[in-house]
Structures are given as C-alpha cells and as structure tokens.
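Below are two complexes that have chain A in common, paired first with chain B and then with chain C.
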Partner chain A sequence: MADATTNPTNTGLTTADGKPLKAALAHAQARSRRRAFLLVLPLLLFIVITFIVPIGQMLKRSVYNDGFTVQKNLTTGEKTPIMVNLANWFDENPAGTEPDETAFVALVEDLKTLKETRAAGQAGTRINYELPGSRSLFTQGARKAKKLQPPFKEALIELNPKWGDPKLWQVMRSASSNLTGTFFLAAMDRTRNADGDIMSVDEDHQIYLKLFGRTFMLSVLITVLTLILAYPIAHLLATLPLRYSNLLMIFVLLPFWTSLLVRTTSWMILLQSQGVLNDAMVAMGLIGNDNRIQMMYNKIGTVVAMTHILLPFMVLPLYSVMRPINPSYVRAARSLGATSWTAFRRIYFPQTVPGIAAGALLVFILAVGYYITPALVGGSDGTLISNLIAFHMQKSLNWSMAAALASLLLGGILILYWLYDRLVGIDNLKLG
Partner chain B sequence: MALPSYASRAERIWHYTYLVICVLIFLFLIAPILIVIPLSFNAEPYFTFTEKMLSLDPTGYSTRWYDLLLTFGMNAPDATRDSSWWADAWENAAWIRATKNSLIIGFFATVLATGLGTLAALGLSKPDMPWRRPIMAILISPMIVPIIITATGLFFFYSYIRIGSWGIPYLGIILAHATLGIPFVIITVTATLSGFDHSLTRAAANLGANPRTTFFRVIMPLILPGVISGALFAFVTSFDEVVVVLFVGALDEQTIPRQMWNGIREQISPAILSVATILVIISILLLATVELLRRRGEKLRGISPQ
Partner chain C sequence: MAMTDSDAAFVEFDRVQKSYDGEVLVVKDLNLQIAKGEFVTMLGPSGSGKTTCLMMLAGFETATHGDIKLGGVSINDIPPHKRGIGMVFQSYALFPHMTVGENLSFPLEVRGMGKDEREEKVRRALDMVQMGDFASRRPAQLSGGQQQRIALARALVFEPQVVLMDEPLGALDKQLREHMQFEIKHLHDSLGITVVYVTHDQSEALTMSDRVAVFDDGRIQQLAAPADLYERPENSFVAQFIGENNKLAGTVVALDGGNSKTEGKIATVQLEDGDTCQALAVKCGGPGSKTLVSIRPERVSVSADPGPNSTTAKVLELIYLGDHIRCRLNVHGNDEFVVKVPNAAGHKHLVVGETTQITWDAVDARALDPL
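Up next, the complex of A and B:
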C-alpha cells in the first residue's frame, strides 16, 4: 500500500483479478453507460419513427412537389412521368428564352399525354398554386390537344391567349423540376416575376406575413396577460402555509386537467352575444339589449380563452420559483427601512425572474402554435398561423404550401425551445 | 400570509385589495369550468340562464340533454326502454360508440407510453447516461411542437406507409397518441426518480437481492405513484386529443373529442354541455387521484409537508 501511494505510476493499482484499476473502472463505466442507453433506446426509436421521421418527411414536401412531373395512379401506385417533352425543352433552353414553335410542339405532345393519363387536373393544379386560374387552362388544353393543327404556337394561343403569357412559362419551368423554393417564397409573401427575380407580392395579396405578425402579437399579448394574472396568485400560493396552498392549488390544476374542448366550449357559452356575460351585463343595465358586445369570433375571443387555458402553465413555474424564496429577506429589507414597494421591487421581484422567464417562454411557445381554440372562437380575424396550415391541408389542398408554413413555424418554435432548454432546462419542466 | 402588526393603514388597504384581486383571478380560472354544469340541466335549448332557472323553479331544469346524449344515433330512440332498447343504445348511440373508441385508443396509447416512458426515465436518471440533454430534448419535443405540425406530418407519413391497409384498427391514432403522451410520463417519472434515495438500492444489494429483485421489490413500489400519475396524464392527453384524430382517423373512428368538435362546429346544442359536464366530473376525479398519489409518493419517500 505504501508502495502504491509513493510510486503509483510504476506499479499501478490493480483489482483482485489483476486488471489495472483504471481500465477496470473505465470498463465498468462503459458498461453502465451502455445499460442506461439501452433503457432509453426503445423509446428513442419509437419517437424517431412516429414523430421525427413524419415531420422530416413533411419538411421535405415543402421544397419538393412532383405534381407537374409524375402522375401517380392511386389504385395501383404506379408512377408515370408527365410533361417530359416540355422538361427537355426547358433543359435545352436557358431561362428567359422566348418559347418558340418547338416549345409549343413539346407542350402539345405533353398535353396529349395528360389526356391519356388523366393527369391534366393534377398538372394544372400544380401551376394553379402559383398562377391562379391555370387549372382550367390545362384541362381545356388537354381536352382539345388532339384536334390542334400546326403551327401549334398560334393554335394554342388562339385556343386560350394565356398560353402566351411569359409568367406561365416561367412557372412551368420552375414546376418542371421537383425541387422548388416557390412555396417558401409564397409563405413569405414573395414571388418570382416573369424573369425569375424575387419580389414581394401586391400589398393586398400579402396574407402570410400579416398572419405571422398577428400570431406573434397575439402570443405576446397572451403571454403578458397570463403573467399579470399568474403573478399575484402564484405569490399568494407560495406564501400561504402548505395546507391551504395545496387546497387552493386545485383551482389552478383543475383547469389543467379539464378537456381543452370543454374549456373552449365554456368560453363560447360565456362570450356569445346571447351568452351569459352579455345577458348579465344587460340585466345589470351596463349595456343596452340592442348593442350587445361581440366578444366571440374575433380577437377578443381568442385572447380571453387562450389566456384562461394557458394560465396554469404560467402559475406552476412561478410558484415553484416563489415557494423556496426565504421571507426573511423581505423582512430584512423592511427593517432596514425599505417601504413595502421598494422591498418588493428590489428584493422579491428579482428573485422571481427565473420563474417569469420559464413561464413566459413556455406560454409563448404553446400560444404560437395553438390551433383548437382559435379555430373555434377566433372567427376570421382571431385565427393564427396554425389555422392557415389546417386550411391548406383540408380546404385548398395545397399541401406543399401547408408544409412550407409549418416548416417556418417549426423553425421558430425550435429556436424558442432551444432557448428554453438553455435558460431553464427541460428537466425543470413541472406539471403540478 | 398574515398581515404584520406594524403594517400601516395603506398597507392594510393594499393587502385586502390584493386578496380581492386574487379571489377574482381564481374565479376567472374556475368559473368558466363550473358554469357548464348548471347550464347542462337547462330545459330550454339556450346557452344562458333562463328566468326559471334563476328563480330555481324545478320546471326550468331537466335532464333532456343527457337523454339526447344517450339516444342520439340510435335506430329506435323512442321505443320502450327495455333490454333491446339498451342493446340498441350500446350498439348504435353515437356518443356511446365514441366513448368506446376513446377508451380503446386511450388504453393502448397509455400502455405504450407508460411502458416505454418509464423504461426510458429509468435510463435517463442514471448518473452516467450519455447524451442526456439532447435525448431528453428529443423525447419532450412532442409536447412542444404544435399539434397541427405533428398532425400534418403524420397525415403524410401514414398515407405514405399506407397504415390503413395493415388491418389493425386505430393503429395510427394509438401510435400518435402514445407519442403525445410520452413527454408527460417522462416528466413525472423522472421527477419521482430525482427524489429517489439510491442508498436504498445499495442497501438491497447489500442484503443479497439481485438487480431484478431490487427493481421489483424496492424501486418499483417507490416510483409507482409517479408512474401512475404519468399514465393518467398520458391517458388524459389521448382522451382529449382531437387534431390528430381529425387528420389521420378513418371516418368511423369517432372519439369523444371529435364528436364534440363536430358538434361545436356544426350546430352547438346544449347536449355538448352535458358531455362537458361529464368530462369535468371525470377530470375532478382524476385530479383527486393524482393528488392522493402525490401525497402517497411523498410519504413513501419520507418527504412530508410541514
């Protein structure tokens, strides 16, 4: 033993079976690391397959759309390429080339194929995303393509003058390659002109940036409102003896456990123009029966209902930060002559800032992506970006557009999530 | 939170104002949830208190909406209520079918989420877990990523792998709901494990128990309350989830939230309020269970409220 301590490098410590202690320790640690990792592995695989892969696939769809190049038979799953001739012409001629007769010959050939494969609607829809009104152009063109006589340029333009539109040719060129940034451009209210330069769309067609802005503003407003409402009650809960605060905590946790749809329904009932709140105000004579306040299907409905729904997510982190604050600090400040306001401002409040950051980030992250409540009480001007994604998924069926919007939203959320992990740590997420 | 005896007059006034503000905020939190309960007994098809209700006239109240809930979708709702009527209700009533679907989906999603989640939480709370932080971030992310994005991704993914043709009913929804419930299981179980005294496992080993005996006889009983709360969270998440069901559910895969969603979107009737009331009562029971479990867990681990 004395040898080992005085001259450790030469002899080295060994375990009972003669291995060097260092190697044995490393071996044991590696084994325990492996064991811990193996416990997590099944879940990690599960999440990757059911969550990460689907989202990755969706992200891909935002820059990948083969609506103008491949026709897929829905029953057999067989894929046939379409618009081949036109794609070849685009390959041979650089962007900005005036479409000549060879281009139109290729186009007419492709229109005939569209008729045979019944893909005219699909190809037209793909162009329609960028140039509204083009779907009928393609269905009509495919129907009549067989009867057209050369020269095809004049014949097609005579059939519909839109075929000569340079913008249409620019869109067809970009659609003939599967990879496209068009949907991201459109999601940021940008478009390409006939020469392929990026520019903003007309003022009255700018909907996406406006909606991103509104989502951001409403989320900030909701976060501030939840903070204002949560701070006093979290403080009360933190300063009461545990026996009472556990009881009062039920008021915070019950909404947390109640179905989201139930809470949204309750707000619909309260806020309706024939609802409880308006009736109460009429009965008290605060407002006349004829001018009931419209509180639902607009921003007010979204803000009020979401503030209520997200309030517990603010109260819980605040409470967990406030509870361990030692009350004697404030008392010490008071005894040193601070007024109660100064003691609060200089002593108590700074200690609660971590809780405020945690709660505010969490509420903001949840608010930005909210869907259900705005969809039910938001009407037209109280909806958020999620609702537009749902619209593109279910109504306009412009799935690439939905994917592009979702990617932008996801990017923003992930930055906030990273920030949350940095500042608060995911381990500190608490649920009651 | 008693007022100190040296408080000035202004402080006293502020103190009571503060208490009033707090009461109002608690009211804001709880009133919207409780308001649906009396309104669901409304005899009229309105969403507000009628004069008869306000004057506590019994004729202003009725259980007609609960009755509608039961009979809606039945073949012969007006037949005499004998055993065949109840059989009809059990088979065909829309809300009963939705309840059955919700329970089946919720059960399997909870089992999946709790099993995988508890295992992973055990691994995550080991001191030498590699890449702990990034893995934790990935496992919690289903809670953070907006539900519409998850639903959109799953919609594409499920149609790509043609999950509908695999012949397992509800499979897509169950997998999705398990994913959504996992963060809650991870959070509650790791929280329980963080207060876990590891000298107990060493003591067990010292007394001759092998790792398996230690796990089942020492660790499991101690973390069980946390696991059950996690499972309840996962179940509630699935029981309340509507967006994924709307996106990936087949037409006949109606669940309670989906049925509610349709009811609210199309024509909202007070029957929705009776569903809401039942759900509120369920959530009160769940909350009570979780609270009891939490206390039990604290007692087991020797942490008791002062």
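Up next, the complex of A and C:
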C-alpha cells in the first residue's frame, strides 16, 4: 500500500473520488478492526498473564538457577551475592585446574559469608541437585569455617575429605554461573564428569529417559485403544436417528460431568486386588483366591483408567466428522460394486481421517501430560513423566529440574506436532 | 417401446410391499414390468414412495413382501454390489477425497480390472459426457452440472444393464436441466441401457420417458406412454397430476352403448347445478354413482354451436399469454374452469364480465372416479 501512495501511476483501482481502493478499504476497515481488538484485549491480557508468562518463567528456570550466587532475604526481598570469591577464582582459572590453596582460601571466605547470610542450606541444596550428599557438606563447612586455620586446603579436607573431590569442584564451577545446561543434561540422564565432558550417568541412576520412553509408549497405547473403542461408538452416534444419538451422546459426555477424582477412584474400586473385577473372577472360578491379578498400581491400571477418561476426547472429533458424511457415499460405492468392507476402507474411512487425526493428537497430548490418574493408580510402575515433574515441584523442590523436564516434554510435543503437520497436514485436522 | 405380455420383463416388481416401521405401508402392492432398453420414469408427489422403490431395486432397502426380479431372477437376496445396477444419486455422491478420474475408475478397480483398460474406459466415459479435461479435478472444484455429468459417467462406466436415477437434475437450473435431459436421453438411446428414472417434474417425465409410472399413495396410479397419460388419464388423480385439467363433479344418470368411433360408453352426467353433460365413461360406476368429469382446457371451444355439452359461461378473468389467452370462467357453478383460446383469427375476443357460450366434444370429457 505504501507504493500505492508514493507511486500513484502504479495504483490499481481507485474509488469514485480518486483515492486508491486499497487505502480506502483499509481505512473503512480500521474502525471495526480496532473495535474487534478491544473486544479480545481482555482475553489477550489474560492469556499473556496466566499462560505465556508462566511458560516463559518455566523455560527460563530450566536454564537459570541462582541458588549458588545470590541469597534472597525472603522477608525484606534484599539480595546478597554469595560465593563471590570462588566465582572469581573460577573465572581466573580454566576448567580442569587442580584447586590450589588460593581456591581454598576463597572457598573458606565464602563459607564464612554463607554463615553470616545464613545461605549455607541454599547453596548446599544447589550443589546437592547434582552431587547428592553435598548439602550437609556446606552446612558443616559454614559452621566450622571460622575456626579453620591455614593452610585451608588441608584443613578443609581434614574436616571432610569430600572437599577434595574434583567432581565437587566441577559442580561448583558450573553452579557459580547462573546460566546452566546441567538440568537439561540431567533430564536426559546425562552429566558432566570432572573434566566437564558430557557422559551418561550410571545404569542404575538412569530414570528420566526410561520414564520419557514409558510415557511415550503408554500414551501411544492409550491413543490406539481410545481410537479402537471410539470409532464404532462415534459411527453409531453419527448414523442413529437424532433422538437416540442425543441420548447416547449424553452417556459419552457423562464422564465430563463427574469429577476426575471420582472416576479414577471408581477404577481403583473395580481393579484393585480385592476389587470388584477380581472378586467376580474368583467367584466364577476363573482364578484362584491366592493369585488375584494385580491390575492396580501398575501399567495396567494407568492404561485402563486413562483410556476411559480420555475416551470422550476421541469420540467427539470423530463424531463431528462422521455426522456430516452423507450415507449416499457408501451406498454409491456399494452400487458401484464395492463390498461393504471395500466401501468402508476406500470411501468411509478416508473421509474420517481428519477426525482420527484430531482425536489422536488431542488424546496423545493429554495423555503425555496426564498427572492425577497415574499418580493415583499407577504405583511405581505406571507413573508418567508428569508425576516426576510434580515430584520435583513438591517434594525435592528442584524446580529447575521440573522446568527442564517440562520443557523437554513441551519440545517433544512441538516436534510431534510439526511431524504431524508434515504427515497429515494441520489444516486436515477437524476438532469439532 | 410399450411392452406386450409376451416380452420377458427385464426388471420386474411382483406384488412388492414395503414398510419401514411395521405400521404404515409406504409401498402398497407394486407391480411393474420394465423391458430391456426401456426408459421408465417414476413420477409422483413427494413422499409417494419413489425413492423407496429405487432403493429396493438397488438393494439398499429390502422389500417387506413380494419379489423383485432382474432378468427373470429374484434378486431379493443379492447384496447391492453384486446386482450390477448403476445409480445416480440426487446428491451425486461423488467421493470428495478422490479426483474425478479416481471416482470413475473406482467401480472398475473393485472389479479387478487392469490399469490400462481402466484408463481407457475412464477416458471414454469422460468423453461421452464431454468432461474429458476434468479427470484430475476434485468434485468440489466442479459446478453442479459438471458434477451431475460425472455422476452419470460413473454410473455408466462399468457398463451396467440397468441405471437408476433419483431426481438427478433436481439441483440444476431450468436451462441446464433441459440440456441434461437431452443428454441423458441421447445416452440412453445410444447405449441401449435400461433406465429407471425418478422425478417429480412432470414435463421432465413426459419428454424423456418411454413410459411413465404415476405414483401416489404407494401405488402406481397409471403406467402408460406420455401421450396416453396426458390424453387418456385413467383416474382423477392422474388427470389432476398431469397437466392442467377442469373438473366437474356430478352423478351418472345414464350410460349408453358406444359406437365404433368412441372407445367406450358415453355417460350422461347430472352436474351439481342440475344441468347435464355427456362424457366418455372411463372410470365411473353405473347410473346413480358419483363421478368427476375431467376436460382439458385446450379441448373446450368458445362457440355457440349447439351440442350436448354446450353451455353458458361467465368470463371471470383473462390472462394474455401471447400465443393464447387463458380464460377463467364460471361453468356449471365451477369458478375455476379454465379455457385456452388461441390468439388467432376466427376466435372470439372475450371481455371480462360477459356471458358467452362454450362447448366440448363428449369424447374429450372423461367421467372418472370421484376423488
């Protein structure tokens, strides 16, 4: 439009009074556009404040942790830098340098500050994330720092031989800068050795990758199961006369109107080893009383309960694509010589693909991030990555770790979404 | 191409009944025989069971009672895909996720035909409906008339012996509809297929068909060639339904023997205003029974010639239509009596409000059943 005004000879159509048509149109539409913007403004603010900012915070927290550099007084809000001397020493000496007496002098100075600012626990916790058992090292060190005599290196190592561990020094070095990738490394079961090289953690400490894998596998399984269960229901709903299908639709939606907790606990009543299902099988003599099937607190429980809970999210998109499919398509195919199977496969099914795609995406994404149900019925075997995120949020208070795990999850889903767009095409998606 | 009894019927409905809900018979006692190569149209008001009959023939609905035969064999138990009947749906039902070419090759693919042969047939079918350049388009990218042609080509491409069409032109505008009527008729003539066609447009039925079956109330009211249907309706429903018609209610007072010129007996009917008239006794009882006399507007002439059916008429309304003038008259107490006066020399010029004399031949009036 800019060149329409600067280069009037090049304009296309003009209005009756000679203004370029595009400019006139833009002017005419500006008012209504402004009004529309004002109408969506509250929602926009709401989303920014409650959604975009927290996600940004989370992403930031996954790579940013100042637990080893700044002490924040919770009552006054005042911030005091800690571990300054050690940070300076790290700056002056490259990674892998054997810590000498100057390093230990700086460390002892900093430990004294920790004592004064009462930040030993905080700093220790930060190191503890990467080197378990280090928290007490710091609290003890801070308590005794005043009484130590030079040479400090020998004195500290005598106090606790762990101070001489090169791994500790590597961790302190990385923690002394606020920006760190260690949480992401840890979330992928990787760590840095004393020289700063990335390597896998020991076999028996690898939990996250396994859990990501399990989350992915179970989510795929749940998606497939919901699809298998939902397809016939949706088809029935779409082909029944409206008055029956409405009734049936209420049954499909009923789970939406009952509390998630109630639904999950009712599965516990059904599935537990003294539960309805086991009792019934014992009563019918299918299984003995002593070898009741364990269907709760393992993967079976998670899969069964989540399949049930997520079923409506598959039924609804499927229904919404199936309803408008004219029955005359299948009839036409039949009259053209196709068996009912061929007519389904070649004519009906392809037209429902957008619904399958939408339902599968919805269910999969919901399943990947599901928390309550696996927490209640999953036991140790059936928990998902979200339960571990919650663990880091609530129990270990390692929020950076939780943030890193959540970011990986988010990234994974975005990648899947992108793949999906490449394979199915997002505009092929029909959510309702 | 009217059938004689000796012809083996190619498509046959034999005392077919159909009920959807077990309470109402939608099709009551349908008997219909269609010869090979014939073009038969089912014509009737909405809800008279036309689509139902077609669906039973195609195999999507089962007859509640009776036999449907194709080539002399009962097809009641043959599934739709083995009947080899092509069908054009009112909504066209072109598969939206396939191109036009794929749509056409679908019936050939499911028959296991090789690729080359398929392509050849698809090309020929598309050329047949003059849509050769559209093979790679999607149905959504075609206009209504083009979709209609593709639907037609698809129903014909696998060379079925019978093609069913359920109001295939319903969605088209008048001009295109007339064009397509011509094309369908042309294809029928050149391919020699048997067509069962459904419409509720009577001009469509009359122009295209060899025979027309007029449906009402789940029954065939009359099955005849178009000219017969118009000129010799057998009951009041058909007389009313096809073309324009004047009706006079009355009671038969006498029946006399016909002569060689007339097809049957001449009935003398006493009308409601007490006058009498004469009409061909087609479907009326003996003396004393109620009847409805039906006369086509163009068979009434405005003239003072004396005759048994000569009567006075008061002119109520005149509509100038160029080639003729439509006059609404009061005749024997009926205000809706219509006469078409040709706009030509020698015909009387009528004026609204005047009283004139009109007359018609006894054989042009038909005494039918009371409605």
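Everything that follows uses one rule, which is that the second predicted complex is superposed on the first by the 388 of 432 C-alpha atoms of A that agree within 3 Å, B and C clash if a C-alpha of one lies under 4 Å from a C-alpha of the other, contacts with A are read in each partner's own complex, and residues count from 1 in each chain.
The rule we apply is simple: a contact is a pair of C-beta atoms (placed from the backbone, for glycine too) under 8 Å apart; a residue touches a chain by one contact, two chains touch by 3 or more.
No experiment lies behind these values; they were computed from the predicted model shown.
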item: Contacts of A:Q351 with chain B and chain C, given as first, second, both or neither; value: second
item: Which superposed partner A:N326 touches (first chain B, second chain C, both, neither); value: second
item: Partner chain in contact with A:G337 - chain B first, chain C second, else both or neither; value: second
item: Which of chain B and chain C A:V201 touches, first, second, both or neither; value: neither
item: Partner chain in contact with A:V220 - chain B first, chain C second, else both or neither; value: neither
item: First (chain B), second (chain C), both or neither touched by A:A390; value: first
item: Doubly contacted residues of chain A, that is, touched by chain B and again by chain C; value: 340
item: Chain A residues touching chain C - in the complex, by the definition given at the top; value: 326, 328-329, 331-340, 342-343, 346-347, 350-351
item: Interface residues, chain A side, partner chain B - complex; value: 29, 32-33, 35-40, 42-44, 46-48, 50-58, 61, 229, 232-233, 236, 239-240, 242-243, 246, 248, 250-255, 257-270, 272, 274-276, 279, 308, 311-312, 340, 365-366, 368-372, 376, 386, 389-390, 393, 399, 402-403, 406, 409-410, 413, 417, 421, 426-427, 429-432
item: Touching residues (chain side chain B, partner chain A) in the complex; value: 1, 11, 14, 18-19, 21-22, 25-26, 28-30, 32-33, 35-36, 39, 46-49, 112, 116-117, 119-120, 122-124, 126, 128-130, 133, 135-142, 144-150, 152-158, 160, 175-176, 178-179, 182, 184, 187-188, 190-191, 194, 233, 236, 239-240, 242-243, 247, 257, 260-261, 264-265, 268, 272-273, 276, 279-280, 283-284, 286-287, 290-291, 294, 305-306
item: In the complex, chain C residues that touch chain A; value: 58-60, 79-87, 89, 91, 93, 95-97, 106-107, 110-111, 154-155, 158
